[in-house]
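First chain A sits with chain B, and in the next complex the same chain sits with chain C.
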Partner chain A sequence: MTETEEASNIAESAGIVETQYYRYNPLPGTFLMENGLSLPFIDVAYETYGVLNPLKDNAILITHAFSGDAHAAGYHENDKKPGWWDNMIGPGKAFDTNRFFIICSNVVGGCQGTTGPCSVNPETGEPYGLSFPLVTIRDMVEVQHSLVLSLGIEKLHSVAGGSMGGMQVLQWMASYPDMVKSAIPIATAAKHSSQQIAFNEVGRQAIMSDPNWNNGQYYHGASPAVGLALARMVGHITYMSDQSMETKFGRKQKSEKNPLKFAANFEIEGYLHYRGTSFVKRFDANAYLYISKAMDLFDLAGDEPLHKVFRGACMKVLVISFKSDWLYPSYQALDIVRACKLAGLATSYVEIDAKYGHDSFLVETEKESQLISHFLNKVE
Partner chain B sequence: MLPNEKIEYDTIESLVKENSTVLDLGCGSGELMEILTDKKKARCQGIEIDEEKVYACVRRGLSVFLGDLDSGLEDYEDQTFDYVILNHSLQELKEPDEVLQDAFRVGKKVIVGIPNFAYYRSRALLCFRGVAPHAPSQPQPWYETPNLTVITIKDFLTYIKTKNYKILKEYYFNNSRRIQLWPNIFATRALFVLERR
Partner chain C sequence: MTETEEASNIAESAGIVETQYYRYNPLPGTFLMENGLSLPFIDVAYETYGVLNPLKDNAILITHAFSGDAHAAGYHENDKKPGWWDNMIGPGKAFDTNRFFIICSNVVGGCQGTTGPCSVNPETGEPYGLSFPLVTIRDMVEVQHSLVLSLGIEKLHSVAGGSMGGMQVLQWMASYPDMVKSAIPIATAAKHSSQQIAFNEVGRQAIMSDPNWNNGQYYHGASPAVGLALARMVGHITYMSDQSMETKFGRKQKSEKNPLKFAANFEIEGYLHYRGTSFVKRFDANAYLYISKAMDLFDLAGDEPLHKVFRGACMKVLVISFKSDWLYPSYQALDIVRACKLAGLATSYVEIDAKYGHDSFLVETEKESQLISHFLNKVE
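What follows is the complex of A and B.
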C-alpha cells in the first residue's frame, strides 16, 4: 500500500483512534458476578467514534464477537490494519460517525484490555488464571451498562452486534429494555445448540490438552500455543462456508511442495495454520476457555418461552441472519423473530443471501450496511 | 407503486380504522403499510419473499419479515390483527386455501385483492388469439409471471360460498374506475372485505 492510499483509507475511516480505559469500582459487595463471586474492580478497555451530542441521545453500543475487541473502527497510531468492523463504522457508513457516537468495549473475561483471567489479581500480584470467576453474557452486559452510564448516557439509540455480540444485544433487550431504542442482533442465537457447544468443546479440549496449559498457570512460562492455535483452526472452519472455502482455496496446493508425507501442502491447510498461529499472538488461552463457556452457558429465557423475556419492551428490532451461515443457522434467528413478534415488538427480519458463512457479518457487508443504515435512520 | 393500485390503496385506507393492527401478506415494497401507518396510525407488519423489496420496507421504517407466506403464519396467535391484507398475493401462493384459512385465524377481518382473468379482454386473448390470458394489472408473459393460479371474480365468489366466509364489502375496478355492472366481464381487479361466519 502506498502512503497516499494509506492516508485515504484513514480519511474514509473513523480516523486515528485510541483505546481508553474505564475502571468499574463497585462498592464492596454491590457488584457480584452472576455466579456470586466478586472482583475487586474491573478495568474496561473501550473506544468511541464520532461525537456525543449535547442531548446525549445519539449513542450506539457495538458489542463484539468471540475474538473481537474494543478496537472496532479507525486506525491506531502507526497501525496498518483498521478495527474489526471498520467497513461498517465510520463517516457515511452503516454506523455513521457523522451522526452517531459509537461505543465499543472489550468484554469482561477477555484479554484485550478489559479485566480477564490473564489480568493481575491485585490481591495476589499474580494473574488470575483459573481463579477468575466464570463469566456470563449477562456479566458482560452489566459491565457495559455501567460504562454507558459513566459516559452520561441514559438511552442508547441502538445496540448492535454479531455472533456473541448478538447474544449481548439480546441480553440488553432483556435486562435494560428502557435504555435501548433499538436493537440489531446479527447471526446469533438466544441459546447455543448442541452443535455449537460441541465445536466450542473441541476448542477447549485442544487448549486443555496442551501440556503447556498447566491448569491455566502458564503466565510465567511457555503458553499453550499449539492447543490455542488448534482451537482457532477448528473455529475458523465453522466461520466459513463450503462455498467460500471452495472459491478461495479449492484443491489448490502450494507451488513448492514440502516432501514430508503429511505436510500442509493444500492452501486451505496453510491458511488454517496461518490463522491459528497469528491468533496465538493476540489471544489468551484461558480467555478462550472463559468466553467460549460464557457463550455455551447463555440461555436467555431458560425454561420460560423466549417472548416472555421481552414482555414490556418496546424497542425496534432488526434481526439479521445469513443464508450460508451453518454455525448460527437462520432457524435460530427465526426463534428470536418469533419471540419478538409475540412480545409485540416492531421487528424486521432479513436472511441475507450471503456466501461467506458465519463470517458474512464481518466481510460481506454491502447489504448488511444498507439495511442497518436505513433501519437506524427510522429509529426515533 | 403501479398507478392502477392507487384506487385499491385509497379504498383500503378508507376501510381500515385508526390505530388498527394490520398484517400485510405479500407487502411488496411497503407502499400500503406506509399509507396505513402515516394516515391511520396503524401498527403494521409485513411479510415479503423478495429480498430487495424487504430492504425497501426497512428504508421506509416498516416492520417486515423476509419469508414465504406459505409457511409464515403459524407463529401468530388467534385474532392477533384487526386486518390481514392479501392484496394481489393470493394468486402467487402454492396453498392459497391454507394461507387464507390461517389469515382468518390470525385476523378479525381479511382484505383480499385479486386480479380478474375473466375480464373480457383476457377472455379474448384466449378465445380469439389463442394465447393464455393474463390480467391487465400483470402483463408479464407466462414464463415470468409470479402467478401460480389463474383466478376470476366468479371463482373467488364460489370459493367464498363453499368455505362459508362472509363478504362484508366488495369492490370491482377497471383501472381507476369502479365497476358496478357485470364485474366478472368488465372489472380487471376486485377487492373484498371478508369475515369468518
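What follows is the complex of A and C.
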C-alpha cells in the first residue's frame, strides 16, 4: 500500500481513533455479577466514532463477537489495519458516523482493555486468573449499560452485533427494552445448541490440557500458547464454510514442502497454524475459557418460551443470518424471529445468501450494509 | 441383559468368531508401499463370516472406517458387544452370511492386529514409531488384495465400506476392476476437501502437542492419551449431526454438578470426554496420525478427471450418502456417481434421509440394509 492509498483508506474510515477507558466503580452492593460475586471495579475499554448530538439520541451501541474488541472502526495511530468492522462503520457506511454516534466496548471477562482474568486483582496485586468470577452475557450487558449511562445517553438508536455480539443484543432487548429503539441481532442464537457447546468445550480442553496452563496461573511464566492456538484452529474451521475453504485452499499444497511425515504441507493446514499462532499474540487463554463459557451458559429464556422475555418491549428488530453459516444456522435466527413476532415487535428477517460461513457478517458485508442502512433510516 | 437375551443376540449374529492372522511376506522387491519404501512383512488381522463356496465366488470384502478393525460382526468369546457392523452382517442381514463369505481385515498402518507404527520392527526389536513409512489408501488395498488371493479368491462378489472404507472401495474399483463384480462406496469421497483435511489436522496437532507424544516414541512410557482423547472429541462432533446431538443431549446438564469453573457439566461435554477417554484404551496415537494422513492424501484421480480412473471397469456400483452427514456431504457422493456413469458403469445412487450424520452408516441402518440386500441380489 502506498502512503496515498493509506491516507485515502483513513479518510474513508472513522479516521484516527483512540481507545478510551471508563472505570465502573459501583457503590458497594449495587453491582453483582450474575453468579452473585462482585468485583471491586471494572475498567472498560471503549471507542466512539462520530459525534453525539445535543439531544443525545443518535447513539448506536456495537457489541463484539468472541475474539473482538473495542476497536471496531478507524485506525489507531500508526496502524496499517483498521478496526474489525471498519467496512460497516464510518462516514456513509451502514453505521454512518456522519449521522450516528457509535460506541463499542470490550466485554467484561475479556483481555483487550476491559477487566478480565488477566487483569490485576487490586486486593492481591496479582492477576485474577481463575479467581475471576464466571462471567455471563448479562454481566457484559450490565457493564455496557453503565458505560452508556455514563456518557449521558438514556436511549440508544440501536444495538447491533454478530455472533456473541448478537447474544448481547438479545440480552439488551430483554434487560433494557425501554433504552433500545431498535436492535440488530446477526448470525446468533438465543441459546447455544449442543453442537455449539461441543465445539467450545474442545477449545477449552485444548487450553486446559496444555501443561503451561497450570490451572490458570501462567502469568509469570510461559503461557499455554499451544493449547490456545489449537483452540483457535478448531474455531476457525467453524467460522468458515466448507465452500469458502474449498475455494480458498482446496487441496493446494505449499510450494516448499517440509519433508517431515506429519508436516502441515496442505495450504489449509498452514493457514490454520498461522491463524492459531497469530491469535496467541493478542488473546489470553483464560479469557478464552471465560468468554466461551459465557456463550455456552447463555440461555435467554431458560425454561420460559422465548417470546415472553420480550413482553412489554416495542423496539424495531432486524434479524440477519447467513445461508452458509453452519455454526449459527438460520433455524436459530428463525427462533428469534418467531419470538419477536409473537411478542408483537416489528421484526424483519433476512437470510443473506453469503458464501463465507459464520465469518460472512464480518467479511461479506455488501447486502448486510444495505439492509442495516435502510433499517436504521426507518427507526424513529 | 439376561443370559437368554445374550444367547439370542449371538444366535442372530455371525456367532462366536475369532480374529485370524495372515502374514504377507512378499518376495524382496515385489511389494513397495506407495511412497517407495518397503516393510519386511506385514501381519494382517482379519475375520471371516459365512462359508466360502466351492466355486469361491461368493466372497464379499468389507473395508473399515478410520477407527474400525477386523472385527466387523459376531461376538468374540466372552464379549458382550458384537463387531462394529453386526447390524449389517449376519444370517439374513444385508451382508447375508447364509449366502456370502464375508471378509474384513484391519488396515495396514492401523493398531488392531495388522502391522502399523506400534508394531515391533523385526530389524530393531523396537516399535516402528515414526520410522514406519507413510501409508496410503492404495497400500491398504494392496495388502487386502494379497489377503484375498491367499484365500484362493480371484473375484469378489462385492467390496463395501463406509467413510475411509468407501475410499478403499473406490481404490479397489480403480486398481483391481477385474476382481470386483460390484462395489458399494458409502458416505465417502474420492478425495478429501479442505474442510476434511482441516479437521484431521486439528486431531493430529492435538496428539503431537501432547508432551507425552515425544515425537512418536512413547511406547516405553506414558502415552499421549490427553492429545488422542482431544483428537477423538473433535472427531466425534463431526460424526454426529447438529440435530442428533441436539436430540440426544440438547442443553441438558449433569445431575451432579462439579463446582469447578470449567467442569464439563453439560451432558454433551461429559459424553465427548467419555468418548475421548474410551478411545484411548483401544487406539494408538501414531496410528491416528498415519491413518488420518492416508485419508487426507487420498486423491483417487489426482489431476485426471475422476471417471478416467474407472475406464475399462464394468462392475455394478451402489453409492450411498446420508442427508445429515455434513462431514462427507452428498455432493461428494454425487461426484463419484457422475464419474461412474461417465465411465459407463451401471450405477445406482441413494441419499438416505437419515438423522445421525456421518455415523448414520453405522447406526441408522434400516434403509441401508434394504438397499444393499436388494443390490447384492442383482449382482450376477
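Methods note: the second predicted complex is superposed on the first by the 380 of 380 C-alpha atoms of A that agree within 3 Å, B and C clash if a C-alpha of one lies under 4 Å from a C-alpha of the other, contacts with A are read in each partner's own complex, and residues count from 1 in each chain.
Here is the rule we use: contacts are C-beta pairs under 8 Å (C-beta built on N, C-alpha and C of every residue); 3 or more make two chains touch, one makes a residue touch a chain.
Predicted model only: the values in this text are computed from it and were never measured.
Trainee: So, does A:78 touch the first partner chain B, the second partner chain C, both, or neither?
Mentor: In the superposition, A:78 touches no partner, neither chain B nor chain C.
Trainee: Applying the touch criterion given at the start, work out whether A:351 contacts chain B, chain C, both or neither, answering first, second, both or neither.
Mentor: Touch partner of A:351: chain B, not chain C.
Trainee: First (chain B), second (chain C), both or neither: which does A:205 touch?
Mentor: second
Trainee: Which partner does A:341 reach: the first (chain B), the second (chain C), both, or neither?
Mentor: Only chain B is touched by A:341; chain C is not.
Trainee: As a test of reading the superposition: which chain, chain B or chain C, is in touch with more residues of chain A?
Mentor: It is C that touches the greater number of chain A residues.
Trainee: Please indicate which partner A:255 is in contact with in the superposed arrangement: first for chain B, second for chain C, both, or neither.
Mentor: Neither partner.
Trainee: Touch check for A:4: first (chain B), second (chain C), both, or neither?
Mentor: neither
Trainee: So in the complex, the part of chain C that touches chain A is made up of which residues?
Mentor: Going through chain C, the ones touching chain A are 130, 134, 191-195, 197-199, 201-202, 204-206, 208-211, 226-227, 230, 233-234, 237, 240, 242, 245-246, 248-251, 261-262, 264, 266, 268-269, 272-273, 289, 293, 296, 299, 326, 329.
Trainee: Write out the stretch or stretches of chain B touching chain A in their complex.
Mentor: Listed in rising order, the residues of chain B that touch chain A are 43, 45, 51, 54-55, 57-67, 75-77.
Trainee: For chain A, which residues are in contact with chain B within the complex?
Mentor: Touching chain B: residues 316, 318, 337-338, 341-342, 346-353, 367, 370-371, 374-375, 377-378 of chain A.
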